[in-house]
Amino acid sequence: GVKGTGTSAPSAPAADAVAKYWAGKTSNGKVDFANWPLYMDPKQPELKKFTAATGVQVKYQEVIQEMGPWFAKVQPQLAAGQSIGYDLMVITNGVQFKQFVDSGFLAPLDHSKLPNYVANADKSYAQEAFDPGNVYTIPWTSGMTGIAYDPSKITRPITKLADLWDPAFKGKVGMYSDTQELGNFGMMALGIDPAKSTPDDWKKAAAKLKEQKSAGIVRNYYDQSYVDALGKGEVWITQAWSGDIFQKNVSDGTNFKFVIPDEGGTIWTDNFAIPITAQNPLDAIKLMDFFYEVENAATLAEYINYVCPVPAAQEQIKKDAAKASGDDKAALEAVAASPLVFPAQSDYAKLHYFRDFATVAEQQEYQSIFEPIVLA
Amino acid sequence: MSWSRRVLAPYLLVLPGGLWLLLFFVIPMVTMLSLSLQQGDIVNGYVFTGHWQTYVDAISNYRVQLVRSLIYGAITTILLIVIAFPVAYWIAFYGGRRKPTYLFLLLLPFFVSFVLRTISWRQILTDDGILLGSLKQIHLLPDNFHILGTPAAVIGGLVYNFLPFMVLPVYVALERIDPRVVEAARDLYSNPAAAFTKVILPLALPGVFAGVLMTFVPASSDYVNSAVLGSPETTMIGQVIQSQFLVSSNYPMASALSFTLMAVLLFGVFSYARVLGTEDVMKVAAR
Amino acid sequence: MSIVNEDPGDGTAQPAIELAGVHKDYLSHGEKVQAVRRLDLTIGSGEFFSLLGPSGCGKTTTMRMIAGFEEPTGGTVFLDGQDVTRVSPNKRDVNMVFQSYALFPHLNAYQNVCFGLERKKVAKKEIQRRVGEIMEIVSLNGMEKRAPREMSGGQQQRVALARALVNRPRALLLDEPLGALDLKLRQQMQVELKRIQREVGITFVYVTHDQGEALTMSDRIAVMESGRIDQLGSPREIYEKPATRFVAGFIGTSNLLDGSIDSITEGVATLSYGEGERVLVPVVGAMKTGDTVEVSIRPEKIDLSQDAPAGTGDSVLTGVVTDVVYHGTSTNYTVKTSAGPDFVVFDQNAFSAEDLAGPGDRVFLTWNCQHSYPIGV
Amino acid sequence: MSIVNEDPGDGTAQPAIELAGVHKDYLSHGEKVQAVRRLDLTIGSGEFFSLLGPSGCGKTTTMRMIAGFEEPTGGTVFLDGQDVTRVSPNKRDVNMVFQSYALFPHLNAYQNVCFGLERKKVAKKEIQRRVGEIMEIVSLNGMEKRAPREMSGGQQQRVALARALVNRPRALLLDEPLGALDLKLRQQMQVELKRIQREVGITFVYVTHDQGEALTMSDRIAVMESGRIDQLGSPREIYEKPATRFVAGFIGTSNLLDGSIDSITEGVATLSYGEGERVLVPVVGAMKTGDTVEVSIRPEKIDLSQDAPAGTGDSVLTGVVTDVVYHGTSTNYTVKTSAGPDFVVFDQNAFSAEDLAGPGDRVFLTWNCQHSYPIGV
Amino acid sequence: MTQAVLEDAPVVKPRRSRLTGGRALYIYTWVIMAWLILPVLFMIAFGFNDTPGRYNQTWEGFTFKWYGRVFDLDELTKALVVSLGVAVVSSFVAGALGTGIGYALGRFRFRGSGTLNLIMFATISSPELVMGTSLLTLFVSVGAGLGVVTITIAHIMFSISFVAIVVRARVLTLDRSIEEAAADLGANAWTTFWRITFPIILPAVGAGMMLAFALSLDDFVVTNFTAGTTTTFPLWIWGATRVGLPPQVNVMGTLIFMAGVLLAVASSIRSRPRKRS
């Protein structure tokens, strides 16, 4: 049978784990970085800057589309103790995040090598339930899941989750294939808070989603490719991640809209992690910290429009806006003011968190309830 | 050559290849069978418990997809026969010296990667694309009309992708027909229709059978066409299996589904091959 | 027993098959191939008619035009006096036996034989009766259930025959039906075929390139060469009076001799060679002194002897034996003649057990005037 | 010219090939097939020796045991006096010419012919010389560069021959080398083969199922039947004095007649049938009055006449002509005799142009005592 | 008016353009061929699309620039190199192993040949998906990491049977007496195989290897399960569709297509039977 290498007990590494891991690690002048698409300016200005500053070459690949496939893809190699070809990856909190941690696939972080993080990061991130104390990960960005739509096809404004169930958009609605993303919207549409949901709630949500599917409303269940589907007119309205739509509009000149529905959206965090078998962990951690320099955090947020984990970046963006002119100026000012990038406390009130699964059994039960919606 | 070496020769020749097939085909199958009866999870590992329940769950959860796949496979195969037969017939009987050229033309598209061809279809058929988009612009089609995502698109893709595997064996069978046998039928008072149904068709049947074998299995177990051209209503069992393996990392369920699919298909194939003889089928398959 | 032609032809009946000015051109690589050139041919009812000729001379093409598989480029095909030139094969009352038999591989012997009758919608009962009858004639009883591949060449051959005969066609067209059989079987089937033809009384049009076969089986033979008929006649006419050099060479062995006429007396022309050597030839047509003629002499007509011939009424040539080959029924001598060409002489091993001469011996060849046949006059 | 046997055998030299008590069993579907049964055979140096017999009689198996492709189940094979029974084919000094020629399709004619010499590591120069020589003998000069598929059947045949001959083997084994050729080419190649054998002087062991071929080409013939040799002798012996009923029937046509001896006078036995009908047979061995004998009479030995024979020194039978078939060189008559069996009579079409009799005619068959050959005595 | 004029016109007997069976089939065949080639033409055309952004979806004008930048995308180039490398290695290894099996099955009768036939038949007729997944379970259970090696192993596995069948078919029609003739002429078993048998069956071995090469280069399903984080050409394309295919993919597809066409044309010219003279 397949032998998992992890322990079932959650996180908490041995005390000397950090020291043990980092002992004897040397810099090799290169780093392989796996990230999601639409998560950086295609010209990669920050990486160029990093290379110029440190001499470390970065190979950046947008190979992660969804967490399930990513975990399944790298699991055999990690379990065999082999390199997966990446030194750094961006993984979302959720089912697979826990699997990565529980399997012992993530290198424990040496915070002494993360001075910028220590200095500049929003302190609340150290309290996140999925990785308290940022033992294995530090945030790349956070983001919200809401609704995107094409106003050239849908003339009325979209405001509610119920719009995703509207028969008027039959065959033109996109949903996520990730079971948590999907399940969350099912629950929120029924007024249930996903973070506090029970198996009973799951079943109700599943029924709600099945209803949507069997009515032929759902065109398909998507991973990152929902953006493409929206662009091709395959879907008119879809579940969406906050920054993606902004970037799509910038790069392709489209005019799609993103909204957080009245009932609320979800908030999640995508995190830097170093796979335990990484070949160049020292260079990787250097790159991680680099993104916590305020200017770098600012330029990244300016382009991707996702929630920035460095509060000081807001001021930096305003400064950048002051230097710019015309359209650019307006755009930068908009970013600095955007609740999607720097949400206020009140904004968080509207957002729901992902459900954390205490046990494997609980997680398997969840999967078995929502999986058949996507597959069957 | 000494006597003993003469006896050993076939075994020595077969050994490396046979070992390879044993290690990387037979043993994996057995491993998969065992895995399908194990319990556990990807983090903590699996242990063999003879857990038949997985099969019960697999079939009860994904019965629809399994049946759908078989139906799509069957429809695809039938369409393939109908579409491929006249083509193979024309090349075999009217192709003359150009036969190889025509066959080559038929195979041309298949130099392009399977995935790429399918994606190309997706681009051609996409909702606001070159084909439908233009028709919508001149209001010949309603705005939310689409082909992608429908069973028609998936089956169309399957038919497209497997066409040569039907044309070739049928062609081979037709090509082997001595034209004088057809003339003999005409000589014996058959009009063209009778010559076709009484002589050509029965003689081409082995080719059709071989074609069925070579298209039904891959079409039924395909997941690329449905993934690229389909929608939730067209999900095929291949997608479920691929997703259990490569999304959910639920290996026992995935193995149980694989085994169920394989059992269903191989049962069909073997009973079919029994009627025909594997030799014949393999011969045609070799073309 | 005659199972066909139930109203038997009385000899004056119209011919079974008639070709009038039939020709056929093929286009091959853009070039015109004249496969058959203006053929006029009449084949009588009940006749065993052979088309004989080298490969590519147009035999098959001729047959296929009769059967209806090829449309003539020009001319008319009559069956029983009716113009069928543009009638499709399934509506012609002739049947074909193909060289490769062309049996239906997916049907057994019985089903093969039934095929034509079923297409004609003959009643089940009647089919059974007729197939039973024909299977007996071709001695295939008990083989009904066999598939073609489970039968020997000879048996397959007979199925092909039965399949055609059972329809009681006006004529049977056989295209080298024995071509694929080995020697022994071939000889056996020749006898068999001839017997069957006599029994059923159907017109046989028979194609072969084997002259022995044509000679022994046919009522009449047409010798074809590059799309034309060179000669048409009974086997004896063709063998003994070849109209052309080609026919003389193609049918059996011929000794061919050129010479000019020295004198003509009482309808006999004399060609002189060396001292005491002469060839006597019956005068045919407008032969006159001084003409050059080509004479054919069949090897079995020649008498070989080591002694000078006594009489003077015969042709005489001298020569030296170069080869003696024992053939069982006969011994063949090759003689290098003074007159020029090598002569072949057959001597039937009738009484003497010894050879007439050995290699190196000087011999006299004599033959009767009537066996010198002047060619193409 | 003799390119082999450079020290020519003087007749007393040891035989080229000897088989002593050789037999071969195959297992086929669990059953034992006795392909060859206890064969004793001696083939002389320089002989043209033929194995003749029906399909499946064991000819090929015998050849393959000589060549070394099959190991005998028992017995010994000698080549040049040496026991080679267990020597592998590549080490035997005989070469084979296969029915299908088995030319190497990827090598041209020259390379095909070289192959054996190259294996023997003969010097390049020497190879060139010998291949040149042999190509001349088989008349293939100028064809050296051709691939097998670019040559006609006859040419391929000669390459196969040259490929074997160039090695100057002790013997050449030819398994139906002409089987795949058509009639005309076959006859031509028979003459050619015989010429080549004379020229090179190598022992030829020749397998055929064509009796005509065997008769005209061989020095000696062994007639085989189900794994045994029925008769071994010169063509004339085999033809005129068949040892068994099988040989009589297999080699040419034979009229076979049973009868019991009425009287014996001066070494001639008389078998009486009807009134004035008798068959005279030379007494052989211990034949005595009252014995039943089987007599073979060759069709060409018999004289057919409508008039009662004058003399009394010959065998006489009467009968009715049932069939007359014209064969060109001869006419064949089938006569239903009063004595019982149908007789076949060949009459060479030498002088008369007319048939001796027609169907239905009552005729007398006469033949000399010496042509009645008692079988198996 | 027009009507009347038309009716007054001399009656020309309409030549009925009767569609004979052959003609109708001819047209039909070409329609099918057009259908088959359509997506390929589409792919080729969009390799010339002057698209600005990430998405090569709508026609923006003609350009050759993507041909100049065909190797700009490192990962795509690397994927192609991996694909080609795997295809070459697996066609050679499968060629060798398959030839062994094919030759043995065609030439000898031996115990176990029935089982071997059955296994080969099973590999050909079992769903690719199942082969891929079962290999994945094997590799996972022995803790072998996935990558180029496992891909190659898998490709060899499913190619062996195809090579073996092609070779066996040739060996079966190979005149046994040709090998005997070689032995007869003094060649031992080794020489006979390499000098005679192998050159004769070489075209079949070559055909088998070409088949293996094509199967490997094109394979998606089995590769998807055995690749781990390694990317082959089809896998890269598959991944790239999530965000849009860059025109380089069309260019590479076009180049592979053209190479295949050239190869097939060349081999068909070479194997054309030479005229007998």
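Letters A, B, C, D and E mark the chains in the order given here, with residues in each chain numbered from 1 onward.
As a convention for this text, contacts are C-beta pairs under 8 Å (C-beta built on N, C-alpha and C of every residue); 3 or more make two chains touch, one makes a residue touch a chain.
It should be emphasised that the depicted structure is a prediction, and the values quoted were computed from it without experimental measurement.
Novice: What are the chains that chain A and chain E both touch?
Specialist: B
Novice: Between chain A and chain C, how many steps is the shortest route if every step has to go to a touching chain?
Specialist: Graph distance in the chain contact network comes out at 2.
Novice: By that same contact rule, can you tell me which chains touch chain C and chain E alike?
Specialist: Per touch definition, common to chain C and chain E: B, D.
Novice: Whose Cα centre is nearest the centre of all Cα atoms in view?
Specialist: E
Novice: Superimpose the Cα atoms of chain C on the matching ones in chain D and note the rotation angle, 0 to 180, in steps of 5 degrees.
Specialist: The C-alpha superposition of chain C onto chain D needs 175 degrees.
Novice: What chain lies farthest away from chain C once each centre is taken as the mean of the Cα atoms?
Specialist: Farthest chain from chain C, going by C-alpha centroids: A.
Novice: Does D-E or B-E have the larger number of C-beta pairs in contact?
Specialist: Between B-E and D-E, contacts are more numerous in B-E.
Novice: I'd like the Å distance between the centres of chain B and chain E, where a centre is the mean of that chain's Cα atoms.
Specialist: Here chain B and chain E have centroids separated by 15 Å.
Novice: Which integer distance in Å separates the CA centroid of chain B from that of chain C?
Specialist: Distance between chain centres: 57 Å.
Novice: Between chain A and chain B, what is the gap in Å from one C-alpha centre to the other?
Specialist: Computed value for the inter-centroid distance: 39 Å.
Novice: Could you tell me the distance, in whole angstrom, between the mean C-alpha positions of chain B and chain D?
Specialist: Going by mean C-alpha positions, chain B sits 59 Å from chain D.
Novice: Among the residues of chain B, pick out those that touch two or more other chains and give their numbers.
Specialist: 1, 35, 126, 129, 245-246, 251
Novice: Going by the contact rule already set, what residues in chain E reach two or more other chains?
Specialist: Each of 57, 136-137, 140-141, 188, 241 in chain E touches at least two other chains.
Novice: Would you give the residues of chain A that are in contact with at least 2 other chains, written as numbers and ranges?
Specialist: Those would be 1-3, 73, 232.
Novice: Touching pairs of chains, which are they?
Specialist: A-B, A-E, B-C, B-E, C-D, D-E
Novice: So in the complex, which bits of chain B are touching chain C?
Specialist: The touching residues are 178, 180-181, 183-191, 194, 198-199, 202-203.
Novice: Tell me, which parts of chain B touch chain A in their complex?
Specialist: Contact set of chain B toward chain A: 34-35, 38, 40-48, 61-62, 64-65, 126-129, 133, 143-144, 146, 148-149, 230-233, 235, 239-240, 243-251.
Novice: Which residues of chain E touch chain D once you look at their complex with the stated criterion?
Specialist: Residue list for chain E touching chain D: 175, 177-178, 180-188, 191, 195-196, 199-200, 273-277.
Novice: Going by the contact rule at the top, pick out the chain C residues touching chain D in the complex.
Specialist: 182-184, 210-212, 215-216, 235-236, 239-240, 251-252, 298-301, 303, 325-330, 346, 348-351, 353, 368, 370-371
Novice: Give the list of chain A residues in touch with chain E in this complex.
Specialist: 1-3, 37-38, 42, 59, 61-63, 65, 73-74, 76-77, 79-82, 84-86, 223-225, 227-228, 231-232, 251-253
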